[in-house]
Amino acid sequence: MQNSDILILNDQNLPPDLGLPPAEDIDAELLDNETMGDRIKTMLRKNKLAAASFVVIVLMCLAAAFAPFLTPYEPNKTSLKDRLAPPSREHILGCDELGRDHFTRLLYGTRVSVMIGLFPTSVAMIIGTVLGLFAGFYGGKIDFVIMRLADVVLAFPSLLLAMVVSYTLKGGIISIFLALAAVKWARTARVIRAQTLSMKEKEFVEAARSLGVKKSTIMFRHILPNCLPNLIVLLTLNIPESILDEASLSFLGIGAQPPSTSWGLMVFRCKPFLFEYPWLAIAPGVAILVFVLAFNFLGDGVRDALDPYLKD
Amino acid sequence: MARYIIKRILVAFPVLIAVSLILFVLLNVVPGDPVTVMMREHIKPELIEVFRERMGLNDPILVQFGRYMVNALRGDFGMSYKLQRDVSAMIREAFPHTIKLAIYAALVAWIIGIPAGILSAVKQNTLVDRAFMSFSLMGVSLPVFWAGLLMQYLFAFKLGWLPVTGYYSPRYYILPAIVLGWQSAGTIARLTRSNLLEVMKNDYIRTARAKGLGETVVVVGHALKNAMLPVVTMMAMQVAGLLGGAVMTESIFGIPGLGRITVDAMGTRDMPLLQGSVLFITAIIIIGNMVADLLYAFLDPRIRVE
Amino acid sequence: MMTNLAAGRAADRIMDMAADTAAEAQEMLAITDLKTHFFTQKGVVPAVDGVSIRIPEKQVMGIVGESGCGKSVTAMSILQLVSRPGRIVGGSIMLDGEELVGKSVKEMRNIRGNKVSVIFQEPMTSLNPVYTVGRQVSEAITVHRQVGKQEARQQVVEMFKAVGIPEAERRFNSFPHQLSGGLRQRVMIAMAMVCQPKLMIADEPTTALDVTIEAQILHLMRRLEEKSNTSIMLITHNMGVVAEICDFVYVMYAGKVMEQAPVFELFDHTKHPYTKGLLNSIPKPTEEKQRLYNIKGMVPNLLRLPKGCRFSPRCEYAMPECREREPELYDCGKNHKVRCFLYQKDQGGGADE
Amino acid sequence: MNNTLNHDGAKVLAAAENVVKEFKLSGNIRRGQMVVHAVTDVSLNIYEGETLAMVGESGCGKSTMGRLILRLLEPTAGTVRFEGRDLAELGEEELRHLRKKMQIIFQDPYASLNPRMTVAQIIAEPLNTHQIYGSQKETEARVKELMKKVGIRPEFTNRYPHQFSGGQRQRIGIARALALNPKLIVCDEPVSALDVSIQAQILNLLHDLQKEMGLTYLFISHDLSVVRYISDRICVMFLGKICEVGPTEEIFRAPKHPYTRFLLEAVPKPNPHLRKEQKAFLTGEMPSPVKPPAGCRFHTRCPLAVQRCSQEVPVLRNIEGRQVACHLVTA
């Protein structure tokens, strides 16, 4: 079991075995005692792109929250005289086909994307985590049923399934919520199941069993906390995907319904004016791209930072 | 190996049936009576019941499903409510357009994605790496529909290099293939890169170097094959996945493929058409995934040679 | 991979020394004052800190030490396969009169697997799972020799027979996962020996194997060494393995050689407190059951080496002097050298460095 | 094997009677199910206060045996008794209760401690699970006492496992096992992942603890020199079966089973004078536990094998104060 020292030293984080002076005087500063949070902080300090992305996300979330204070207009107030007005000092992004201020609608659209990014994703991940834990921990029939169900869900192209679910529920934001939650739990369940299976074989779980610790305690106190890095990684994948999916569904007309604002819906509504008034369709697209890209850049950084934890 | 194949095919079947059932149930609980949709308002209320009975809509849903599946296996997906045409004939017409688009897109994805991934891994943490990876991330983050519109505006409308919409010659497929392929290229590049980097950490890479092999031989000869195993699977799966992605692209570029049919059917609430096309796409994806798995098994001696 | 700059700088300094070392050219390998450091974020880790090792022709030379003592890094330095952030910062490695430090990547490639080969601890992970073992071994030939496929194959099968792989012809087409651990290690040895290298480095070759298989492999290595002109550098933490097949032993601790002697001399007249401690920690069959001797404390952090002798904090003989300055390797005669002030007075032919 | 006392008059603490453990290999649909015969018909007594060592090469079933004794695994057939009670007859709650008396120490000091729990939480877990103390204060005091006992500074209660070295982690694992004052501790290769100098520290600790607390050890190891140091009796296993059981010194002095003899011979001794030019060593590899050889499982590698060995399974017989399973050994 002796590690060859070349592999140890290759890592920036010297393992404690190599890095410890005699027990009498352990020197805390030399130990590899970085927590997950520390690692992410270090990553943000070093990775400029991820840091910038983080700032963008925070700003956009703030913009969503304080939208009414950032614009003098109402998102749904139509004004025929401003119909398709080009960008000007009053309307920095111009007005749409009903004379509504485009920038205002963009701001309010942020709310939809932020909500879509957070809620259905979280719901799906909580469901997926619990199912994955049970499937991995108990195995047997429970595992079989849950995993075949996940197989079935994963067999659909997620957008197509979301389309069908959303269609069945007659569109609207709520139906997107449900559609995305119905689609996204499966991947989480799979990842958490795999992690649970590997954790179950770990000696510390066996130790807990030998101590007579209850199964539920083992599951939630020993295994679940060790799935945390995986969950964070899944989150960084799921959020941008959900935002994109919502935009796509709305663009197809089966997501957000007018008059509510959604970036995807805005692109859809402005499509007919693409060649004469290109900024109308381009602006919401840029918003989607920036938001999703920011999440992906940040997610990449976070994944790198958590890499050693994922390999445990 | 033969047994592995049989097993894998046997596993695919229940999934296919379950997928069909879920679709069927989802689409059949939609509020709104199909008879009304079909006949619009020109129907006396008392006749609705008669039609419902005749169409078997009053049977238990499982019976309806069974009947549907038996017919579907015979190639009969029923009649489109709106267009009064045979759904299977419509699918037959649309499918070539979609598969063409998917193959073009896959080519774009592979030709860009794989070399980009390899180069990024070899030049890890250099400018090249960062450029390729940002480009890949763009592909993954780009809303397909918006990218399509943007390209139409730029290359078709402003520059006039390529046609805006249509499906008459390969030229018409360039923009849609790029739009659709970019996303997959991003995924493939990222997967190739991370796999290759992971494989390069293995002991047998150290062995290969200790043998005196050159770095190119080490990467191409020893690392790449191991790294590409999952990528090949992913590629095979993506051909199928691109069919799903075609839904968006087709409706923007006016290609009358499966995706277009699906979106149109959704808009007109044309149930048999929607059901048929979605089921068809999903079936192809399941088969595609199965092929991907078999491909993996074939390439990996650990599975191939028991 | 290898940073040429540092190696170049090192090479310049070595040129001066080269004149001295050339005199002892009958040695297969002569490492002089090798320094390989790792430049980590937390500081410079002197994994190998001025190590001098000599291996005469046709000998099994053992390097023993606990994890983190620098034994594997020394080996990898010879091949110049030290992974980032490590690099050779000084010293000389002469292989059969040829300086390796400062060699270009291309020149090194010609040496690896050809003049110096290596086998690793884990035969499972050290073989590429997607190629047959035959192909992997013949690759070692074709890269260094101008031979055809058929001839390479023949040589590999010969080699397989020589290392005791049953049904050598059939095994040529086996994948690694089809072989047992012992057979895989034989394949690794075949790969290492197929070009008849001058030096074979065996890095913990039996640690991952069962005892009965270990005995087979050690026996095989001993036999190969007798039959061929290859010297073997055996890296291990197991004193038993050392006693079993080595001719000469270097004991390393925290990046430095603490004691070096012919194997009988080392075991019969153990001198350094660390070596004594190591040997005494092994439960002895002869003793009645009593407390085992143990070295207190742990291997020091290489980022913060203690002042003076790096073993002094754990040494029960430590004198004030030991905590002040670092002892040299003192020659005690009979080819026995010890880095410990206790033997300063015994010194025969003068200090080594 | 129904004698409950050994010759010194010690009581049987734990016993295995004709225990069989098979693992089904899933994912293979070739004719019938593939079964790994990990342990086949093993009977064994562990006496109070002794250290019984289980030795053998990888895949011989020694670790499985340890887990069967603790009922971390359920035997496919046979009975495991602890203090005379059949573990199979106990309900889940009763078994949980009984776990206070039997503990385990693991090989890998990195995998055996939950990386997301502090030392205090790890050592307190058994105490909290069985609600040993009414107050948090008492538990804390006990945790500190245990830490001192195994040689970890009690100030380190809030540190995480990765802040300790391998040897120290092993001490923490020992402290956790000691928390409930168990009678039996299964030590599963407790020192094989450690450096020699650290190994000696841990072995001494285990030795001292046994004396102080009257512990019984089932010591699983492949390292014969360690085994010789720590154990009173040795049980040698080969491919799921016992070859030989007997007092340590006698087995080392005169091994009776051919496998034991070769195993002892194969160990590299830290003394170059014992080097033999023509050493007799076993040829061949360990047979597969999926298709173990018929008759004596060792016969394919045994140079002394006669025809009978490939046909008839040798039973474990009492010969001169030990038990040997070999047709060729006679009293």
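Just so it is clear, A, B, C and D label the chains in written order, and each chain counts residues from 1 on its own.
Definition applied: a residue touches a chain if its C-beta (ideal position, glycine included) is under 8 Å from a C-beta of that chain, and two chains touch if they have at least 3 such contacts.
What you see is a predicted model; the values in this text were computed from it and never measured.
K.L.:
Sort out for me whether C-D or B-C is joined by the greater number of C-beta contact pairs.
P.N.:
C-D is joined by more C-beta pairs in contact.
K.L.:
Looking at mean CA positions, which chain is nearest the middle of everything shown?
P.N.:
So the chain nearest the centre of the shown protein is A.
K.L.:
Would you kindly tell me how far, in whole Å, the mean C-alpha position of subunit C lies from that of subunit B?
P.N.:
Spacing between the chain centres: roughly 54 Å.
K.L.:
Quick check: how many Å separate the C-alpha centres of subunit A and subunit C?
P.N.:
Inter-chain centre distance comes to 49 Å.
K.L.:
For subunit C and subunit D, let me know how many angstrom lie between their CA-based centres, rounded off.
P.N.:
34
K.L.:
List the centre-to-centre spacing of subunit A and subunit B in whole Å, with centres computed as mean CA coordinates.
P.N.:
So the centre of subunit A lies 23 Å away from the centre of subunit B.
K.L.:
Two or more other chains in contact with one residue: find those residues in subunit A.
P.N.:
Residue numbers touching two or more other chains: 1-2, 17, 20, 23.
K.L.:
Residues touching two or more other chains, restricted to subunit D: which are they?
P.N.:
Subunit D, residues with two or more chain partners: 165, 195.
K.L.:
Inside the complex, what are the residues of subunit A that reach subunit D?
P.N.:
Residues in contact with subunit D: 1-2, 16-17, 20, 23, 26, 28, 31-33, 202-204, 206-214, 217, 222, 225-226, 228, 312.
K.L.:
Show which residues of subunit C lie in contact with subunit B when the two form their complex.
P.N.:
Result: residues 1, 79, 81, 105-106, 109-114, 117-118, 120, 122, 125-132, 136, 139-140, 143-144, 175, 177-178, 188, 191 of subunit C touch subunit B.
K.L.:
Can you check the complex and tell me which residues of subunit D touch subunit C?
P.N.:
57-58, 165, 167, 195-201, 203-204, 207, 222, 224-226, 228-230, 252, 262-263, 265-275, 279, 281-283, 285-286
K.L.:
Taking the complex as given, what residues does subunit C use to touch subunit D?
P.N.:
66-67, 180, 182-183, 210-216, 218-219, 237-246, 263-264, 267, 277-285, 289, 291-295, 298-299
K.L.:
Could you please specify the touching residues of subunit A with respect to subunit B in the complex?
P.N.:
It is residues 148, 151-152, 155-157, 159-160, 163-165, 167-168, 170, 240, 244, 247-248, 251-254, 264, 267-268, 271, 274-275, 278, 281-282, 284-285, 288-289, 292-293, 295-297, 300 of subunit A that touch subunit B.
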